[in-house]
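Each of the two complexes below includes chain A, the first together with chain B, the second together with chain C.
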Partner chain A sequence: MNQAVISCLHANLPALEAVLNDIEYLGIQNITCLGDLVGYGPQPNEVVELIREKGIQTCQGCWDEDIIDGLDACDCSYPSQLAEKRGHFAHQWTTDKLTNENKEFLASLPTSIRKDKCLFVHGSPNSQHEYLLPDMDAFAALERVEMSGAETLFCGHTHQPYIRELTNGSISFRIQNASSKGIQEQQGMDLPMRRIVNAGSVGEPRHGGIKATYVVYNDNTCEVEIREVSYDIERTCKSIIESGLPPIFAWRLINGFEFAEQAEDASHVCER
Partner chain B sequence: MGQAWLISGSPGCGKTHWILNTFKNHKGSCAYIRLNGHSDIDLEQVKFSKIDSAFLKDHLPHLIDVSNSNKSSISIRENTLLLIELPQFKLPSQNGVSGIDPRVLHELEILKLQPNRYLHFGRDIELPTKDTLDFKKIESSNLNLQGCVWDPPSLNTFWFELVNGAYGDVYRAKALMNLPDGRCMFFNWIVSQQGSQYLPLNGVAPLTGRPERHSEIVIQGKNLDFALIQSTINHCLLDDSVLAYHQASLKSSELQPIG
Partner chain C sequence: MIERWALVSGLKGDLETYELIQRDLRKIPGDKTLFVLGDMIGPDRNCNRLLNRLINPISSDLKPQCIYGWWEEQLLAESGYRGNQKAEALRINGGEQVVNSLLSAVDKAYLSWLASLEFGFVELDCGLIHGSSRDVGDELSMTTPPLTFLDRLTRLNVNRLFTARSTHQFYWELTEAIVESDVMDLSGNRKQQQKIPKKIVIGIGAGKNYTLYDVGSDNTQFLQAGYQSKKGVKGFA
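Showing the complex of A and B:
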């Protein structure tokens, strides 16, 4: 049976509506959302309410967490001082706009959802803020999936959709201690194929184009399809400007750039 | 008796770089002055920009900056080449020095300068024509950024947005901008080119306080939102405490033994 996985909606209502229409057109009933319902975009309440109305299973994204708990990331999670100023403005704007009821909904979201052999998270099983980039070290990527106990890990956060198959994985190690008197004991294990599927972004694509992206997963055949959906981006941009958000967000979105730049060291996780 | 040449052309045509190369090939002393130029209908000139002279002075430390001389004592010695840079949108009406705009002639008289050669980009074949554009309408503004230091990734983002049209249609932008490590970068962009030119100046400021050298940005184009440009720049500049933090980190890393 086909199921749809959507992520990173970022308060972009026209994009979400277009993606939900596409999912309906495909006849898919089962939808999972990987979070970041809000942040940067102009219609946070409308997006949260549409997700609630549709009863879409959702896990909490980093923006959803920060809106509830306050900014907990350190300054170095922003790639530049300019991005930080813009991010903080968007955070405050979203906090002011979002109703208490919708905030409570975001606060109630789980950090992960497990369905059979699939795990759904926003960033990684470790944190909503950790990026699993398509070119990250294979061993680290395999570790993230294996330790979560899943065969397929669905994530978002990077806004770049991808499917990564981790095959021929093995772990080997040698143990040498004082009691073994110099004799090394070697152990190892082969790992079955694991997959990471990144659903991209509905509301703030970062794949070089302006179309919303999401994935369709068939749990019988395990096939994954990355789908791109056109939406009324000018409606979103108009709404950004009318709502009092920085006009630069509209310019960046309509030109295929993300609202704020991606960190150079995107694998960085704030520990402060 | 030395030579005095008047070099004019539209924004971004390459006047300053041609002047730099000409000075480098000249065996004697080199002297320079930049005139403001005159705005025409719909064609606005940048006023009082010092970027070009600061850029040339960095490359040619012995360059005589005539604009700093006492006006009554400007004299061109033998073997000295004086190049007078003049931003000018329109083609001169006549060839040679007889084509000098009367308004410029008046300025030159006040400065007691009499060019014996006049070259204009787009008219004289000695000069390159690649980036000589015919502007119909242009707004100009320059911001003095003396003492300002940029957050480098923010500068990268701002410049990208600027030259890609986030703040209006930019045709020409150039700047001298300070970085926290003491370097000053010359940024240069013209709409006819694919990318920007980024050149570090030779002079490096000490890692203490704010740099005192000239820093400025010049932006020319159409429908420019100068208020938004200014507010974005403000978000990119380091405050005293962050600058001090960067400088302290750089100083301590300089003290680390190698190896």
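Showing the complex of A and C:
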């Protein structure tokens, strides 16, 4: 059976509506959302309410968490002080706009959802703020999946959709403790095949294009398809300008600026 | 001149053991650096004398380079040095009484020094840390999964990782690791094979059990304070 996985909606209602239409067109009823319902975009309440109305299973993203608990990321999340300033402005704007009911909904979201051998998270099993980039160290990537007890890990946060398979792995090592008197035990193990699927971003694409992205997963064949969906970008941009949010948020949507607002060291895990 | 590192942890206020280790180190020839990888304090005894000695070494002491450990982290959190955090991990594990014992084991005058300590050191291609690059309380031991060892080494971008949190002395050496990665995104497919050469994680022990590392030969020796002069040391390359 096919299921859809969406992520990083970022209060972009036209994009979410277009993606939900595409999912409906494909006849898919099972949808999982990986969080970041709000932030950057102009319609946080409308997006949260649409997710609630549709009853879409959702885990909490870093923006959702920060709106509830206060800013939790250090300045490592931003590529420049200007970007950080804009991010903080958007945080405050969103906090002011969101209704208490919608805030309570965001606060109630789990940090992960497990379905059989699949785990759904926003950033990584360690943190909503950790980026699992497509070309990160393969062993570290494998560790994230394996230590979570899943075979396939679905994540978002990077806004770049990808499917990564980690196969034919092995580790050889020797081990000794203080009492083993020079005898070193040689061991080896084959590593299991594991997969990371990044759902991209519905409301804030950063893959170089301007279309919303999400993924369709077939739990019988394990096949994954990355979907790109056109939406009414001008409607979103107009709304960003009218709402008083920084105009660059509209500019980067309409230009598909690659890796906008991405920190230099995206593998860094914020400890705050 | 060959340089050796003496790696010590888990003294928990035990000045006598520290003096024994210093005495041992005086007998070892060559250049030496002493690293104290945290847990200088604990709840079971007054720690002020040891802290004073670490801060103000006597003339014959090897001057210690200290980082903070799990017990220091608990004390600093409870004393307001970690924002809104409190010593919740200790409270859960030991209860309120142990939290109070820890608070009374260390004079407040030492808090600012403890708060100034680093999380870890990176020397050459080696990481020296109390727990791991993930967390000061991360317990790496002989039973830790190999992928976890690799992750902790990768996070610090080091080839040798010295850890103390488990209190165990162990030596884990990766001889080879290999994995194939196939990434598919909107720009196409790319396949890659990643290989990792030799990397090592060393549990340095705690209290009287400490470790000597020879930087030049990559040789590790597990020692016990006051013991190696009587019997041969346990070492391996």
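Structural remarks
The criterion applied here is as follows: the second predicted complex is superposed on the first by the 268 of 272 C-alpha atoms of A that agree within 3 Å, B and C clash if a C-alpha of one lies under 4 Å from a C-alpha of the other, contacts with A are read in each partner's own complex, and residues count from 1 in each chain.
The rule is short, and it goes like this: a contact is a pair of C-beta atoms (placed from the backbone, for glycine too) under 8 Å apart; a residue touches a chain by one contact, two chains touch by 3 or more.
Since the structure is predicted, the reported quantities are computational estimates derived from the model, not experimental observations.
Annotation for the three-chain superposition on chain A: chain B and chain C fit side by side. By the document's definition of touching, of the two partners only chain B reaches A:255; chain C does not. Shared-chain residue A:85: touches chain B; no touch with chain C.
By the touch criterion defined above, A:168 lies against chain C but remains apart from chain B after alignment on the C-alpha atoms of chain A.
Looking at the shared chain after the overlay, A:147 reaches chain C, while chain B stays out of its contact range. In the superposition on chain A, A:26 makes contact with neither chain B nor chain C. Among chain B and chain C, the chain that touches a larger number of residues in chain A is C. Of the two partner chains placed by superposition, A:222 touches none, neither chain B nor chain C. Chain B and chain C, viewed from the C-alpha centre of chain A in the overlaid structures, lie at an angle of 90 degrees when rounded to the nearest 10. The least CA distance from chain B to chain C in the superposed model is 9 Å.
Common to the chain B and chain C contact sets on chain A is no residue at all. By the touch rule above, chain A contacts chain C in their complex via residues 126, 134-135, 137-143, 146-147, 160-178, 181-182, 184, 186, 189, 191, 207-209, 213, 226, 228. Residues 79-83, 85-86, 247-248, 251-252, 255, 261, 264 of chain A are the ones touching chain B in the complex. By the touch criterion given at the top, residues 134, 142, 145-148, 150-151, 154-155, 168-187, 192, 194, 196, 205, 209, 222, 234, 236 of chain C touch chain A in their complex.
Listed in rising order, the residues of chain B touching chain A in the complex are 151, 153-154, 156-158, 161, 164-166, 228, 232, 235-236, 238, 242.
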